[in-house]
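For reference, chains read A, B and C in written order, and residue numbers begin at 1 within each chain.
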């Protein structure tokens, strides 16, 4: 363990300084201000209060809280790994966002050889960062910070390319990111943890346990995610009624999955008691299940139903699927991301398709062609001009029917999952390289390996290890 | 205790699933989108950025933080009941908001047989939820989650009817909700805890004690409430200068009560030391005392004075009144809500009346008839037309004088307190029903009854029970 | 210790009540509403949604979170002083803001014998409060609450006069407050702690140690500061593209200093492990270093570079300079504010000068004369009229050249540091007066002196004091 840690002393700084040097060169060469942040382009003809900053910044700030505080606290549930959960989340997030600004910038904000920077890019980069942090949940406690950074280094571009290709070529509805963010992140993480399989942890680990205070902190993280999730799901929606619906549906979906989580957690517990891991995770399932149809007219009752379905699937997944995947398929999914992001993402995809198939002009009026822009007539079609008289700023679409679109949505799901699995496994293989300082089995879930711990660290134990493996895989 | 817990295994899921089924049917049958969330009604003639979402959502999000994080942390001060405080708050809040959307929707947002949903409804529902959570403070640690849900189930409609009747028929000034929210919630909670009187806890309980880390978490909750209280108090104010004043007064009032709390906590302590329970509660008193006049021209010095008065009354209440109520009147007010919401609510009502009596056109200009709309001339009065030339969007009022209004304010206070006491006692009697699984005396304030606790739970004790009963009733 | 505490029982309330009485008289005599909060001045010709509340309140609320929650948690890292860190921060902040509203009001918002109050004043007062809280970091754990209040009482006016004089007469660029806030606060705090030198703590103190849970809470505080720092740095920027850039640069700077902090913390640790004190502090350095040029066209790469420089200087300061200052110069800088606010403030000043010297019309267009208003032609200059045809609302400036301005920036830095050192030492001497109840050496870093602690306080120790003095001075 000593040699191990000493080697981190060279490798982590080396990796970080190399990355920073690379980032700095790329920022210097390619990143400039977007129009709304450029002093020269803003003049007396532009209204300062009309700057896109004021539209984007509130959402950016809310998602910042989710990323750094929500995820950070949530991942701190392990009794001996509170530093690791919160601090590696901080490191990985800061790294991933910097990197995503560059990579997404190249694909989405590139003009005349330069990436145009604004708060909108930062917001997009946060979504890419959320992808990495969700995947992190699968390997929590079993990876060195260098491994996590390598994961971010590889996952961000794989995600960014997939995102760009899907948005540009497949053109799907997925405002809340259930398909592109949650499904991708989940299967990428599962792929990585599969490649990183540790037979030595098959029977559990004495330190793979929650603690009383760390469970409370973790619930606090859940609450931050819960409270700001409507901002996450609505940030990318069209302004106006679309964004309004996204807020309503997310709130209703989360409430419904919360009530479901409490009901099922008690019901499925042998002694009729609540399990904190369920409160920490299953309550959030509704935020994912509404995601792919969150801006549509799915009705408040529809959002409620999706919340109940999400809570149920997620809870059953924790109870039955996670142990099964772990024992049969060697997928050690530490935080159970397959339940909170995978199963729910599949439900969300189906719900999105259902909502697309039910959408018609009677319900949406002419704004049907904005929310579902691919249904608008293509450039040159005389029907387009007709519609543009009702909606002057309507963009030409692809003239797709709802049924055609359903297939595109399925295709997008397939691409997202497929790329994620392959990318995740390959990334996991890279992460396995010994010079990335993976912790030995016996030092997993232990802050002492990577941190100077205070002198009371030894005393936080209490009586250890009475918790069964099955319980652990859930937390 | 085993039988007890096992019974929860059936009852809590049964109650929650039944409620969810009911909610779902009601959402399906009666809830549709409000105008600003309806795709068809938003078209090229409506400005997306003019959507009410952008006016309401920031306030909604701030109050969300107060409800789920502020209250959650604040209620986690008991050393062995940190899960219960934070998690039952989460459950109760999610339940209460869902239910309040339906009940308030029926009374306030009902049109053509449908409840029209928007973020404004959610914000209103959060206020109803705050009512339930304040009442929760009176019975913390002594109730099962089913009892809390039953309390929410009954308190929300009783509150919603009172709110609707007072706002529609009495027409009072109470932007910060001191009369309708704080007084109601307080006396409802006292009524319930009176009905739930436990003689076995008369001499205290070994686990009814705070802990070092839980006290810090609880102060964190206080700080979240403190920081976002200006949003709570101003959310319902008229836009513009009224809302601006509400923010200013709330901040000044809170600051003044905070300084007062520190001064009195030291002064009234035998050993001249600060008591954490005072910091957690008394500092917030100013937010309540300014509530009923928070949008009026009470002057910054007026807000300061109200803060000092609130802090003083609340502190004296904790020191002398709570033990008295507990021993003489069998009102076991766990968190001392009578001090933070009752005494302060009474002061707020009086201050509101004083502010109404001092309001004149010289201070307010013609906007007097907007802030005090009941003073505007009624429909048909020629003076109304005259005023409408100065304020084009002035609504017709009731032509009341300030002195008449003072009586209506008193009446509203009477109605609020009266309905709350009766409703609270009756609700408490219902909560006493044995199949709601009330915890036995010896299992109060103990997370082990309702949660699978981590293995370090047994070790968090330290040396117990050296704290006197009187101290406990304060925390 | 008993006599000590008893004396607090009289002195703290006496001080607080006297201050509150004074404040109340001053509020009553001098504070009235600003135009945007005055009912009479807002009428049918003013647009309620155009009220300055809606521009200022979001920034105010974000900075509130930083002040009360961010600082509060960050200062709670000491194992036996968690109450003190969080609660004295609360008290000092509430006191300092109330006082700053009056003092800054006199200098900046005074008209016709009255201070005009609005949320803008509150926001300014929060910046003055941040100054006091940064200085607090130097003396954490070694001061009674009365001493802290006396510090606030003296520091706020000394700061407010300096701020007013610099802004009015020197006219500098310092939107993020690196010169006026961070440098001032740092050197004031160092001056005070120099005057309060305690030889008895030269060799450390058994309780001057962090704890496992308190370290996590402290990181949480860091994260709140990190997340909302863009609001802090941009709050005072011109609306539009200037504010947009301030947000971008702060985020990029913080990310860069975060990666640097992780790299250097591992590299400089003997065993290649991360030190929590570095994560808690050094990660934030980039927020300060970008501060003086945060609204300028320094380019994203420039902000990145400043972040790296800040993280490096701050880290080296913790490692080498703080122990040196402590042993050679008797400056016991408890939280190492000289590293996070002093060294970084100096870098920020230099960067600001560099950015000013590189600013030209080619990059900024005519808005050069807005961002650098002192460069605009003075009243009466025909060039002013010419420019006002391009920018109608351009204010007349001072006709300074960039090179002249560089000297003014240096002068401002000199004034800020000079006044702070002298003011800090004098304030420290006042704080030394025995009737302000300074804690005896043996009771430093100990909550028991000022708080009724829960019965588990004795048990939180673990094995103490194995941490060396050098480590301690860092945390």
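Just so it is clear, contacts are C-beta pairs under 8 Å (C-beta built on N, C-alpha and C of every residue); 3 or more make two chains touch, one makes a residue touch a chain.
If you want to know which protein each chain is, UniProt gives these names: A, B, C = Ammonium transporter AmtB-like domain-containing protein.
Every value quoted in this text rests on a predicted model; they were computed, and no experiment measured them.
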| item | value |
| --- | --- |
| Chain B against chain A, contact positions shared by both copies (same if over half, else different) | different |
| Rotation angle superposing chain A onto its copy chain C by C-alpha atoms, nearest 5 degrees | 120 |
| Approximate Å spacing (C-alpha centroids) for the pair chain A, chain B | 34 |
| Interface hub residues of chain B, defined as touching at least two other chains | 58, 213, 460 |
| Chain A residues within the chain B interface of the complex | 55, 58, 62, 79, 209-213, 215-216, 219-220, 223-224, 226-228, 230-231, 238-245, 247-248, 251-252, 254-256, 258-260, 262-264, 266-267, 269, 271-276, 279, 283, 297, 299-301, 304-305, 308, 362-368, 371, 390-393, 460-467, 471 |
| Residues on chain B engaged by chain A in the complex (per definition of touch) | 2, 5-10, 12-13, 16-17, 19-20, 23-24, 27-28, 31-33, 36-44, 46-49, 51-53, 57-58, 61, 64-65, 68-69, 72-73, 76, 82-83, 86-87, 90-91, 94-95, 97-98, 117-119, 122, 145, 213, 217, 450-460 |
